[in-house]
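First the structure, in the form of structure tokens, and then the observations on it.
Labels run A, B, C, D, E and F following the written order; every chain starts at residue 1.
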Amino acid sequence: MENKKKLVYITRKEHFNAAHRLYNPKWSDEENESFFGKCANKHFHGHNFDLYVTVKGIADENTGMVMDLKKLKVVIQHFVIDKLDHMNINEDVDFMKGKLASIENLVVEIWAQLEPHIENGKLHAVKLYETEKQFVEYFGE
Amino acid sequence: MENKKKLVYITRKEHFNAAHRLYNPKWSDEENESFFGKCANKHFHGHNFDLYVTVKGIADENTGMVMDLKKLKVVIQHFVIDKLDHMNINEDVDFMKGKLASIENLVVEIWAQLEPHIENGKLHAVKLYETEKQFVEYFGE
Amino acid sequence: MENKKKLVYITRKEHFNAAHRLYNPKWSDEENESFFGKCANKHFHGHNFDLYVTVKGIADENTGMVMDLKKLKVVIQHFVIDKLDHMNINEDVDFMKGKLASIENLVVEIWAQLEPHIENGKLHAVKLYETEKQFVEYFGE
Amino acid sequence: MENKKKLVYITRKEHFNAAHRLYNPKWSDEENESFFGKCANKHFHGHNFDLYVTVKGIADENTGMVMDLKKLKVVIQHFVIDKLDHMNINEDVDFMKGKLASIENLVVEIWAQLEPHIENGKLHAVKLYETEKQFVEYFGE
Amino acid sequence: MENKKKLVYITRKEHFNAAHRLYNPKWSDEENESFFGKCANKHFHGHNFDLYVTVKGIADENTGMVMDLKKLKVVIQHFVIDKLDHMNINEDVDFMKGKLASIENLVVEIWAQLEPHIENGKLHAVKLYETEKQFVEYFGE
Amino acid sequence: MENKKKLVYITRKEHFNAAHRLYNPKWSDEENESFFGKCANKHFHGHNFDLYVTVKGIADENTGMVMDLKKLKVVIQHFVIDKLDHMNINEDVDFMKGKLASIENLVVEIWAQLEPHIENGKLHAVKLYETEKQFVEYFGE
């Protein structure tokens, strides 16, 4: 069948709402405020985060799918969204403990949460929007 | 001039990122958690809020405008966005002190902040998106 | 409390994917194709429908809410989305039986499904997007 | 038939790209620049305009429609889009001749172009986005 | 001229509305329903599909273009949109005959339809949104 | 620290409104109109341009950032947006002088403006939307 060896990329979008602040505990409050500005506000601020997870692979002949998107949704929900949604990234999220709560660090840790659970295909990219105007991507490199 | 008496509605969209939690201080923590669920998380969560402010009036003959949208932008920035952006609605916002931090209450208070400063035209509506999936509107009634 | 009598409009957005065709059984196939064009295709076509449901009311003093949006979500899910999502509007939907499957008729029937189940506040509007370029609204009038 | 007297609002979105500048010929260049700022740039600037046209009426029993959206599309295309798309609003558009090229004036003139050609139902609203952040509405009042 | 050898990627977005179902004719109805769930509904369901086609190449000195986007639009319209819009992917589309109607298979076949007709530049990517939350990409590998 | 060598891509979106026309001064007006159609309109037309700038690099241990997005915003504003917003690309923009005002040429020149000013990380991509339906990308190759 001609489709057998074609490499397709599938992406699922999920969503979470969370609070965070940019704060380096090795710095004084003044240093944090000077560098991070209002992003360091001690009472936190928050965002609606949009998360895009991309898996690449060959579509299966019987199902027409690389990986069942319903299963991918469940994996993202269980290992990422349930831990982040309506949470405080600095205070409540086990896999961010001890790490500065920047989106650059967050996207790398989300990749680490997801990768062991992608069974068909291979995790290709994690893209995380903090606002409509800024986002980060990580490709596991 | 034929345009003189035509009633036009103009809208400006602005944006802020903030943290909040739904919490009634007259209730126990258990009651709050039971009613508000994860929205009551004690470390807060947050959103990217989109705010739409609508003013109605007659376009001026010389300027073609109801109210200069550059001025409307400044008014919204000064009286609303500067007080809410990168803030915690429960902790940092003077005009929400003593009020439950729901978007229903927030939209009413934003109206109260803006109305005295609309000079040409009349404030018609304030619309506030908490997420892409839920928003509130208030028309001053 | 000053908020007690302020009328606030809250809106929840939900989503369903469905197939339909525009077809009047009293007309011949030729008449249907002549009037409805490709929308009458006998094998159906489909859309991602976005549904906005607006309820108006006074925010409760204890909860800061008109109607709990989590409950509104459940009502929409149970009485509308579960009956329409991944369905064929002409073939599978009880409340559309015997009615031409236009969005104009659909929005009126969705209102009829929802209205008896809005307990706090009052149903104000149902808005239904068929595509990004066309939508209908119904206000119960 | 129960639907016969239900009032439904249908909306069609169209799009045009145009140049304009805000300029009052009765003022000096300095006065224009002082009031309109960079919007008065003599070489013009431009926008992607999104136009929403809403018609209200009762859905016809045989067609399930208020007004055929395909016909509404043709009317908007012929009387509005063809005259504005890839045009300069100050220089090229007959129905804006002698009028300041503000969106407030433009939305009123678009209404005047469309209204005589709405045959089933009644023109209810014209909404015009200049950018994602600012738009105007006119209801014929 | 310094631009001569710069590689630019241009993308055109088009749109179609179609019905489909996920169904493997080698399986029983029960097996299909068990694996594909409501996506196997025998009366079909549907989507608004957004299609992005990317061509890469060097901008021509005389036209400033890689490939005239007006021509790319015509190619996409003729070879893809006309065959899919308001159609049933399982029943009406010649190039999907005998193939499971998944978006993974569809994106590969759309590539095959387009590639022979890209004259200036080279087809780089086809991206297909089934919903706002899930999409597939194919790069011809 | 495990994050030290992970390559993260960060993107900032900015916006400008500008006028332009497609016009090759070596051709006659008839040739221009014949090839470029309404895009050659002598009075110009315009767009709301969305610009996405992507920088890649390793997140710094102390700040959690590749490059401070606030600084990236300032660089884009100063070297690109201030020169293009509310301007006429054919008439007013120094770095487009003598170049055909196509988006293909524009995206290459925007890259040239930005690259010398990216201090942490490396410029990876510039993406420019002319409308929601067409955009170009340049990766410096």
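In this text, a residue touches a chain if its C-beta (ideal position, glycine included) is under 8 Å from a C-beta of that chain, and two chains touch if they have at least 3 such contacts.
This structure is a prediction, so every number in the text was calculated from the model and none was measured.
**Student:** Once the contact rule is applied, which chains count as partners of both subunit E and subunit F?
**Tutor:** A chain counts here if it touches both subunit E and subunit F, which gives A.
**Student:** Once you count every C-beta pair in contact for both, which comes out on top, D-F or A-E?
**Tutor:** D-F is joined by more C-beta pairs in contact.
**Student:** In terms of residue-numbered contact pairs, which of C-E, D-F or A-F coincides with E-F for over half of them?
**Tutor:** That interface is repeated by A-F.
**Student:** Subunit D and subunit B are one sequence twice: same or different residues at the contact, by the over-half rule?
**Tutor:** different
**Student:** Need the most distant chain from subunit B, centre defined as the mean of C-alpha atoms.
**Tutor:** E
**Student:** Could you tell me which chain lies farthest from subunit F when each chain's centre is the average position of its Cα atoms?
**Tutor:** Using the mean of the C-alpha atoms as each chain's centre, the farthest one from subunit F is C.
**Student:** Roughly how far is subunit C from subunit D, centre to centre by C-alpha average, rounded to an integer in Å?
**Tutor:** 27
**Student:** If you average the Cα atoms of subunit D and of subunit E to get two centres, how far apart are those centres in Å?
**Tutor:** For subunit D versus subunit E, the centre distance works out to 33 Å.
**Student:** Taking the mean of the C-alpha atoms as each chain's centre, how many Å separate subunit A from subunit D?
**Tutor:** 41
**Student:** Two-or-more-chain contact residues of subunit E, please, as numbers and ranges.
**Tutor:** 132
**Student:** Could you draw the chains as nodes, link the ones that touch, and say if you get a line, ring, star, complete or other?
**Tutor:** Drawn as a graph, the chains match no named shape, so other.
**Student:** Return all touching chain pairs.
**Tutor:** A-B, A-E, A-F, B-C, B-D, C-D, C-E, D-F, E-F
**Student:** Spell out the residues on subunit F that touch subunit D in their complex, using ranges where they run on.
**Tutor:** Per the touch definition, subunit F meets subunit D at residues 15, 17-20, 38-39, 41, 43-48, 85-88, 90-92, 131-132.
**Student:** Taking the complex as given, what residues does subunit A use to touch subunit E?
**Tutor:** Going by the criterion above, the answer is residues 3, 6-14, 59, 62-66, 69-70.
**Student:** Under the definition above, what is the set of subunit B residues touching subunit C in their complex?
**Tutor:** 22, 24, 26-27, 35, 37, 99-105, 107-108, 132-139, 141
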